[in-house]
Amino acid sequence: MTARVDGRTPDAIRPVTMQTGYLEWAEGSVLFEMGKTRVLAAASWEAKVPRFLQGSGSGWVTAEYALLPRSTSVRTDRESVKGKLSGRTQEIQRLIGRSLRGVTKLDRMGENSILIDCDILQADGGTRTASITAGYIALGLAERNLTERGVFKKEILPESVAAISAGIVGGERLLDLCYEEDAKAEVDLNVVTTSDGRLVEVQGTAEGEPFSREDLDGLLALAEKGIAELTEIQRRALAG
Amino acid sequence: MTARVDGRTPDAIRPVTMQTGYLEWAEGSVLFEMGKTRVLAAASWEAKVPRFLQGSGSGWVTAEYALLPRSTSVRTDRESVKGKLSGRTQEIQRLIGRSLRGVTKLDRMGENSILIDCDILQADGGTRTASITAGYIALGLAERNLTERGVFKKEILPESVAAISAGIVGGERLLDLCYEEDAKAEVDLNVVTTSDGRLVEVQGTAEGEPFSREDLDGLLALAEKGIAELTEIQRRALAG
Amino acid sequence: MTARVDGRTPDAIRPVTMQTGYLEWAEGSVLFEMGKTRVLAAASWEAKVPRFLQGSGSGWVTAEYALLPRSTSVRTDRESVKGKLSGRTQEIQRLIGRSLRGVTKLDRMGENSILIDCDILQADGGTRTASITAGYIALGLAERNLTERGVFKKEILPESVAAISAGIVGGERLLDLCYEEDAKAEVDLNVVTTSDGRLVEVQGTAEGEPFSREDLDGLLALAEKGIAELTEIQRRALAG
Amino acid sequence: MTARVDGRTPDAIRPVTMQTGYLEWAEGSVLFEMGKTRVLAAASWEAKVPRFLQGSGSGWVTAEYALLPRSTSVRTDRESVKGKLSGRTQEIQRLIGRSLRGVTKLDRMGENSILIDCDILQADGGTRTASITAGYIALGLAERNLTERGVFKKEILPESVAAISAGIVGGERLLDLCYEEDAKAEVDLNVVTTSDGRLVEVQGTAEGEPFSREDLDGLLALAEKGIAELTEIQRRALAG
Amino acid sequence: MTARVDGRTPDAIRPVTMQTGYLEWAEGSVLFEMGKTRVLAAASWEAKVPRFLQGSGSGWVTAEYALLPRSTSVRTDRESVKGKLSGRTQEIQRLIGRSLRGVTKLDRMGENSILIDCDILQADGGTRTASITAGYIALGLAERNLTERGVFKKEILPESVAAISAGIVGGERLLDLCYEEDAKAEVDLNVVTTSDGRLVEVQGTAEGEPFSREDLDGLLALAEKGIAELTEIQRRALAG
Amino acid sequence: MTARVDGRTPDAIRPVTMQTGYLEWAEGSVLFEMGKTRVLAAASWEAKVPRFLQGSGSGWVTAEYALLPRSTSVRTDRESVKGKLSGRTQEIQRLIGRSLRGVTKLDRMGENSILIDCDILQADGGTRTASITAGYIALGLAERNLTERGVFKKEILPESVAAISAGIVGGERLLDLCYEEDAKAEVDLNVVTTSDGRLVEVQGTAEGEPFSREDLDGLLALAEKGIAELTEIQRRALAG
């Protein structure tokens, strides 16, 4: 077993720090750091829903995701300048939205929407999973704010949700890949799980050679461990 | 156990028929039908590669996917008219491309590209997995054509690849969902597997309630059975 | 007189075959083949009209046209990927729409619209004229369907409409040009005519040298013969 | 026979006035007025050709067309603000380009391009035909300028080209429709003809009821008369 | 002191000529020439206001600006073809709109809008300032027209507004730069002033070296002189 | 004299704090706060220049500017989602670029470019001026970094540049407006000045009533005071 680039053991997640309430005007916000990956998640409330839900009495949760241009080691062009969202961006924001909706009781929200903006100030791998984990915290803070203001009358988040990556690098199964590991991974798995251990999303991809069912099971076990730790971190942040 | 809408057993795939060589000018093509889902897959060869591979000696395989407007029960607007590809379309064509590259020896192709167009003439669920399965047949036909013309000197497709969906509908695990089943599924899993049984891609999504690890294992087993059947169908089509 | 590339006489149209009702969900559809040119025409009904007709009691018929990427001998890029419709595409779909409206009693339709999608699966010249001829069949099938469902109370298609090309190639006047002929034609004429012999549209273009009035008259006579044959084919298809 | 809105006889064109050399920097330009329709045509030379002609030794002529926003009685939105050219604009600029190329000896131009901008300062019907007629004058002036500067060594415009509309309004055949007539025309014909009487383009469209072959012949005769007059006007302008 | 390229003294504006009522259908229009710079300004009235003013009882004035392609010595591509407005165009049309609103009593207009189109037929420097000066004349003509038609009940333009440039070229302060001067200016100042001598907008920019406060004051004095002359020209044009 | 919303005197700037080197990979970066306005400025170096400078031996400095969606009190839609930059954004990024180039010796840079990204994490008025002031710090840090790496051989920033707003609110002249003051200002002035007191840019705008020359002079004096303070803050930050 070779040491990881930052000295972690194969089953260790990176250190997590955060600053909740980072933004003056957002209903909920957190500046969330996991290793060098830094996400600013902000929840915005609107007292209306998309057309397909109008008249349903139900609410909606959605997400947008973007890299700041110099979050990356080589500058990434702005999608506003290119005039369209890349497929990668759209795929990620659909994933974040689905994941957050997976633990939200939409039918208890009334016709209210919450949009979670996940802006990556600095990217070092795992930006989509960190966005889900941080996005849940922003959502949880907004829920508390809106409950206090009387917008929500019932509990809408009975469970929490968190996400993490795992992968195979140089034949070894590793938890929570940083960018350098991710770039050379043979297999990449993203897992989104609720606080009661159920799956919301599983996405495993062979970057080169296909992988065995045994590898899939090994990576799922690693992810389970990591998500348990993140779930506890989220619980403490929202209890604070 | 309730009967399925088309009378299939839970672990049965829909009937597959196809017409290979459907297009006069494509290097490989197939009009592939799986139940009422109908995909026209066409392989186009170009003697050049994307910029990031120039000078590498390696080839490339990519895919594009589109719904014809009246493939669907309610007409779908053309993305050419809307002026941009939806996130769903981009996500699907990235998946098809990754899946086909997962079994292609790119480094044996020389600096050649093959683009697989998957156009859905009629959609009844499972269009992305049918596109992968049909896309592989078009790719296999193009490989044969280009090998005969001397473009390819070595075998580039030692394994085949196929894909199928499975899901949980009304609490029951079902293989190869048609549209009516897919629309009410609680869990939707797409699996892409090679002919030697290894995984290229696993994507499982809870549409409503999160799912257990046991459900994931049950759905993976169903998909394994379906893909074995599709792999045999592909083998016969390319042997013909 | 030199033989044509496919052995036809100068005044012969290409063989026509078709499969009506090709699509499960469209109000009317036909997979129409004229030589190697293959059009999938589908009619979609909507119980509303464009803004400029709202409150008028009148209906509307319009058309969209697209080439599948590998319909052509060299692959054509998707307009959805380029993000806009070419001038050629827009010009063709305006022509198809005008031609179909030329025989439709819009004021008998009530505030209903029919959109005819003409997707070219394979292109070998004459795709715009084949789209008009096939589009009329899809429209006629939709009329019957909507009359049976009680949407239409009166006959809206008292005449039929068909279209054909004629051109001058190597100094000789030819009917129904295939792609190889079209590419070297000096003059290209598209004619759209009703079943009672009146003109809806005449478009003659010199590709190189201008042409004489006598040539125009000769080409119009050829087109008249071809359209009479197509009109009879349409009549039988809709009678079936 | 009813009087026309501006008192003309059915076979009369509107008065033509023009100011050649209107623009300081263009290689050729004319502010051309035909009745109230006012076109500013400007020729711009570039010492290069589009990609498909590079290395051919041949030149190119193309055109762009636009309405100024307040050329029309109700203001027309700018296409720059809408972000794309309408189908109508593209169809018209393709027609102008084809018409001008129809009389230009491209193979005598060397690898030079001339772009004719036709900007409509005021629109009162017939803007596309006036653009062709005015565009030819700008092209002729540019030819003279470029010949004097030694760019062109041979005559590139042995014939001239002009265009006019004719139509059926209230059952009567009229030459050179103004906007008020055009808006209620049953049939609209645009004809583009060279100075030696040959046809470059014929476009006849039924706006409502289809039209007979006899009507087509009658309108072509009217157009022939009008174009003979415009050809003489062009000749005098370029002789000046 | 070196002579200016067109022989003017440092504090002289270029000769101004104009043709009011140039457009048949606009509520107000002027073809305005200042030296070789030629602007066609047209006012269009709409009996409605933007969303943010609906229900306010107040009106709105806005502007659009465009260069005709061959207004410039080297042809400028159309923004309609590029599919978007440049930053420069948007900045200029925002400036024109703000400047005209600076002298308009919006609250006396009722819920009416006036859009001023400024199309540059020929550009020789100072197109944005000439657009403001000409735009005011078109606005003034439209005011008179709409007052006569009873749309406006009160005076909405108690003051007039005009604009001019001044700059430092080769160390010397010059009024009303032509293109050749502007291209080599070290400092460029645009000033927009009302007829009673108050400032609506001041924009001073160092193109190379920063400038002193003394230079700013000197340029403001030059501009004051030029605007007084333009104000008198506007007054006579609207009195006519 | 009424107290300001945050208790400042009329000529006081808001408190400034900053964190230099905030981003791991940028050549220079600063998280800069001025009151509640929070800008993340990042400098990115490229060893190439835009086309118009290629072969000149000279460098280039440019800037991009964006609001994060929830920087504002009501969420602002992403320009990447709208598919184009607003006029306001383009106007601001042109201003930032011009201001930074005003103090940069481009001809000493070699053919290198520096792009300054100014992303507004939180907006409370003065975002464009804070972007210039912070952008200069990021540029200064990048200059030091690139000088140490040997990219720059000569001093390229002999002077510094800073910017501030001043305005008239309720008839009173105030320095450094926060959002609440800016929203009701009658006059808004932005001034960009070098460390040796020369002007790079002056932009004064009447939001409602035009303003007198005396007001302009008074606001310029206020700005001079504020910029002197910011210049000293910049000096200390870069000395650190």
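Worth pointing out:
By written order: A, B, C, D, E and F. Residues from 1 in each chain.
The rule we apply is simple: a contact is a pair of C-beta atoms (placed from the backbone, for glycine too) under 8 Å apart; a residue touches a chain by one contact, two chains touch by 3 or more.
Predicted, not measured: the structure shown is a model, and the values here were computed from it.
With centres computed as the average of Cα coordinates, no chain lies farther from subunit C than F. The best fit of Cα atoms from subunit B onto subunit D calls for a rotation angle of 120°, in steps of 5.
Remark: subunit A and subunit F have CA centroids separated by 33 Å (rounded to whole angstrom). Once the centre of each chain is set as its mean CA position, subunit C and subunit D turn out to be 28 Å apart. Among the residues of subunit F, those in touch with two or more other chains are 83-85. If each chain is drawn as a node and touching chains are joined, the picture is one closed loop, every chain linked to exactly two others. Taken in ring order from subunit A, whose neighbour in the chosen direction is subunit F, the chains follow as A, F, E, D, C, B. If you check the complex, the residues on subunit B that touch subunit A are 84-88, 90-91, 93-94, 98, 102-103, 193-194, 198-206, 209-213, 216, 220.
By the touch criterion given at the top, residues 23-26, 29, 36, 40, 42, 44, 64, 66, 68-73, 75, 78-85, 89, 115, 117, 119, 121-122, 124 of subunit D touch subunit E in their complex.
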